[in-house]
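So the structure is just underneath, and the comments pick up after that.
Note that the chains are named A, B, C, D, E, F, G, H, I and J in the order they appear, and that numbering of residues resets to 1 at the start of each chain.
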Amino acid sequence: MNKKYAHAGLDQKLPALKTFPSQFKDYEITIVIPEFTSVCPKTKQPDFGTITIRYTPDKVCIELKSLKMYIGAYRNIGIFYENIVNRILEDFVTSCKPIQATVIGEFNPRGGIRSIIEAHYPRK
Amino acid sequence: MNKKYAHAGLDQKLPALKTFPSQFKDYEITIVIPEFTSVCPKTKQPDFGTITIRYTPDKVCIELKSLKMYIGAYRNIGIFYENIVNRILEDFVTSCKPIQATVIGEFNPRGGIRSIIEAHYPRK
Amino acid sequence: MNKKYAHAGLDQKLPALKTFPSQFKDYEITIVIPEFTSVCPKTKQPDFGTITIRYTPDKVCIELKSLKMYIGAYRNIGIFYENIVNRILEDFVTSCKPIQATVIGEFNPRGGIRSIIEAHYPRK
Amino acid sequence: MNKKYAHAGLDQKLPALKTFPSQFKDYEITIVIPEFTSVCPKTKQPDFGTITIRYTPDKVCIELKSLKMYIGAYRNIGIFYENIVNRILEDFVTSCKPIQATVIGEFNPRGGIRSIIEAHYPRK
Amino acid sequence: MNKKYAHAGLDQKLPALKTFPSQFKDYEITIVIPEFTSVCPKTKQPDFGTITIRYTPDKVCIELKSLKMYIGAYRNIGIFYENIVNRILEDFVTSCKPIQATVIGEFNPRGGIRSIIEAHYPRK
Amino acid sequence: MNKKYAHAGLDQKLPALKTFPSQFKDYEITIVIPEFTSVCPKTKQPDFGTITIRYTPDKVCIELKSLKMYIGAYRNIGIFYENIVNRILEDFVTSCKPIQATVIGEFNPRGGIRSIIEAHYPRK
Amino acid sequence: MNKKYAHAGLDQKLPALKTFPSQFKDYEITIVIPEFTSVCPKTKQPDFGTITIRYTPDKVCIELKSLKMYIGAYRNIGIFYENIVNRILEDFVTSCKPIQATVIGEFNPRGGIRSIIEAHYPRK
Amino acid sequence: MNKKYAHAGLDQKLPALKTFPSQFKDYEITIVIPEFTSVCPKTKQPDFGTITIRYTPDKVCIELKSLKMYIGAYRNIGIFYENIVNRILEDFVTSCKPIQATVIGEFNPRGGIRSIIEAHYPRK
Amino acid sequence: MNKKYAHAGLDQKLPALKTFPSQFKDYEITIVIPEFTSVCPKTKQPDFGTITIRYTPDKVCIELKSLKMYIGAYRNIGIFYENIVNRILEDFVTSCKPIQATVIGEFNPRGGIRSIIEAHYPRK
Amino acid sequence: MNKKYAHAGLDQKLPALKTFPSQFKDYEITIVIPEFTSVCPKTKQPDFGTITIRYTPDKVCIELKSLKMYIGAYRNIGIFYENIVNRILEDFVTSCKPIQATVIGEFNPRGGIRSIIEAHYPRK
């Protein structure tokens, strides 16, 4: 895999993630999005998967509508699985500043092989 | 999300949670309520979900009939997911004074996105 | 819930739990009884559920036939969920003197609400 | 069950079901609504269930948004299971004039008993 | 199996099945009761199973509360599987006079053998 | 497969199937036995499977206890799948004289291959 | 729903469906595509679903690679559920000229409502 | 797809299917083989699937061991799905001469698309 | 349970468990045997269950064929559940000398009661 | 098992595993391959199973296409279960140099016995 693809989709501009003030402390939110789709940067074929975000909010929670627009914007972007999950984590942490967060991407099989990527914040 | 909605449903009066004296020490009770429904404060559309309460009773247990009336009273109240779960936890702790308690709300998908909220007492 | 019901079924005489000498040390036995039924002391309506007993035997194991008679004897006794599980644990510990034991009662939904009670020996 | 309840909810005004012109002939549409809720006319307690509508359109199809408003309007109406399913069938047939239609209501257990009601148009 | 058991439970008096007038024609009602229990006339051991009643009402429908009392009354009656299902069918047909009816009893395994009994009205 | 095995287990004496008089007409009985085991006549290795018998009784029903002894007696008999199912059907029909009967044998995989045999009475 | 949307996506040019000569007669092919996605013509929001095509080939079979390109081309087209399924059927029949064909679209829930559309060739 | 591939794998020699005399008349045998694998003639990539054979034997039954060798021999043969299922049917009918037979091939997804092929004897 | 049964099956000679040299260090092997059957020493009725062995090999691994013969030899031995699991563990440890090992026996329900026995080496 | 088989398949040359630079730190990748097949070195019969690789990448990730070629190359190699899993782990660690890695092989039942092998890097 040459350099051309390695960064594909990482710098592309995406809709802003909005937040709203949390009314409580010390609880956990899990969001499951089974309708994720993007494009393979090499083959231009569509990829499909389920994205799960689990986090402990600090001052703000993610607004679901802006998250939906953000996730939907990957639809026509060429980007690899590893980069999808890690970019979502970074964008999420930047906007929500959670106490902790996990992003999991479970992707549909390609050529009989199924991939699951999981990334945590704070990085260990 | 403006201020108008942020507190929606948090101050609304709800039926009292009643208790009865526990006859034993050091055990755990889990109550699963798959028929929770409330209203989205913004769109006025109904929300549906399953509420799970797990707790270690101290001196008293929750009376199921009063819990049923309490949960049923959310039916026509406009309130967000995060506030539902955290308010149930606070009301439950106030009435039962348990040694520990967890409330989980698993809500039906909206726009292809499913949310799960989980809150614990005592707060960490 | 007044006093009349709080102790219902706790003092009722039940068939003796018999035991037999364990031939080995340091292992765990789990017994699942999906055919538990008793009566609600207030409404006189039947309750149904699954009782699970998990224990580490010391000198003796529970004899399954006597356990079956003991559990079957709840059939026409009026007793609450919390008391069922805790009484089974106490009766079991008295007869088997296990190193440790757990009793779990998972009861069928009533009014859309499902209850699970779990008690451990030794009490923490 | 006296007369007072027998007709409960049958004459109550509900939001109009809207339609749009079908572009094709001879196909079948199935709509599954797992978030139905109404109220028992006798006990005033909420009922929950899944409504399924399957039909062969003639000139028009049901508009999903108006169906959602129509179904949502049962939320605070006191009405029995049999009447729910048969009224939905009659209202649906009146607005859509389908070649054939089936309505099925699968209701959550009450007192350990689960009910399913199924009605067809044209009546045999 | 001698004569003593063959008729066991067939002549025992049971609570009356009540009905209410059906408001519609030509539809089907299915009632599932997973909490059936009775007693084996020979061994006196409890039996457990699920009873399903499916019928096309004519003038009246079965009242669920009276059905619940009727089914609950088998709790301490000694009666065989085949007789349970056929007696329920006969009692149901006598009280409801349905256009057609089916009763199915699915009983829990005994000695590794599971039994299902199904009877129809009108008899072929 | 030579002649030696073709009839294996077909002439072996088995415990008698007993019956009791049916109290009703025109109903169907299904018996599921997931604990069938026999021996492969060629390899002497054990076979395992589930036997299902479904029949419409005429004058008599099969007594479950005698069926259990009959099925259990295959435990150490060398016999092929096809012969197991057809012999059970013939023995069953001889003793019960049912209006109709079906026997199904679903056997555990051997060498990655799973077999299901199904035979009906009356033969078409 | 006004006219603007009623025909949306029906006249849009799509990649050609290619075929190859069938080597046999009288058999059935089922193709399941769980990764269908298109756009709602009104809300511009993505829709997701599973498309199933079942057909009896006459002289030719569909080439899977061209079907994949054809289905993938719906990705950014605004079109309603009913039109998706019926257009796929028409395009399929035009290119494959099968003896018979069925297309089923099972779409993910929107607003708690799930839709399934099924169309057959030849039209009855 | 050019001619080169259309016949791939149809003329390749395979191990003989052996049979043994059936001891009974009028019954049905189903054989499920979830470990089928072959090679795509175009891409040379392996294909995987489950083959199911269901038949009514006439004079002979298929010997499972020879079937296993026959099916295993597809392992390194380049052949399309449609040809796999139809060739198995033809080879099976030639050796067993059954009264009727069905072969079903359910193949693992490739590029998100799952294929099922079903062929019957006698051809309609 | 008198002494006669307590040791039943513990001293009976069984086929030897063979081993082969492990080529690697520090890994775990799990073996699942869903076709276990033995005989109840008291009732002489067959018992059925699934045996699972999980271990970390030291110098040798268990040879599957000898394990199959060893397990198959319980077929006609009268022995209680607790003794089955503990004897398998002891015999396994004697022949394989693993770093650690667990044996679990999950037995089919008898009289509506299901038993699971689990033993570990080294004993705590 | 003699020496001839003990090393079978361990020294056989396999296609190279390729990698690409990871763009992020501290995350986990899981790859599931349900289409693994190899050959038993003793019986020459095919084995089937699912291989799962879970790892924390350091500088590079495994390229899925090369992994697919590598796994596919076991197709005609004679090798035991334990050696399959441990060799994949060693080859994977050599090419990817991950921070940690686990390989799990879940193999289809043979003679009613199912095997699961699990190996970790770094070895404890």
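We take it that a contact is a pair of C-beta atoms (placed from the backbone, for glycine too) under 8 Å apart; a residue touches a chain by one contact, two chains touch by 3 or more.
Note that this is a predicted model, so its numbers are computed, not measured.
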| item | value |
| --- | --- |
| Interface sides of chain A and chain H: same vs different residues, half threshold | same |
| Angular offset of chain D relative to chain H [C-alpha, multiple of 5 degrees] | 145 |
| Rounded Å distance between chain C and chain D, as computed from the means of their C-alpha atoms | 44 |
| Centroid distance [mean C-alpha coordinates] between chain D and chain B, Å | 30 |
| Averaged-CA centre spacing for the pair chain G and chain D, given as whole angstrom | 29 |
| Residues of chain I whose C-beta touches two or more other chains | 34-35, 45, 48, 108, 110-112 |
| Chain pairs that touch, as defined at the top of this document | A-B, A-G, A-H, A-J, B-C, B-D, B-G, C-D, C-E, C-I, D-E, D-G, E-F, E-I, F-H, F-I, F-J, G-H, H-J, I-J |
| Partner chain C, residues of chain D touching it in the complex | 45, 48, 108-112 |
| Parts of chain D lying in touch with chain E, wherever the complex brings them together | 1, 6-7, 10, 82-83, 85-86, 110-120, 123-124 |
| Chain F contact footprint on chain I (complex, rising order) | 34-35, 37, 45-46, 48, 72, 75-76, 108 |
| Interfacial residue positions of chain J with respect to chain A in the complex | 20-35, 61, 63-65, 67-68 |
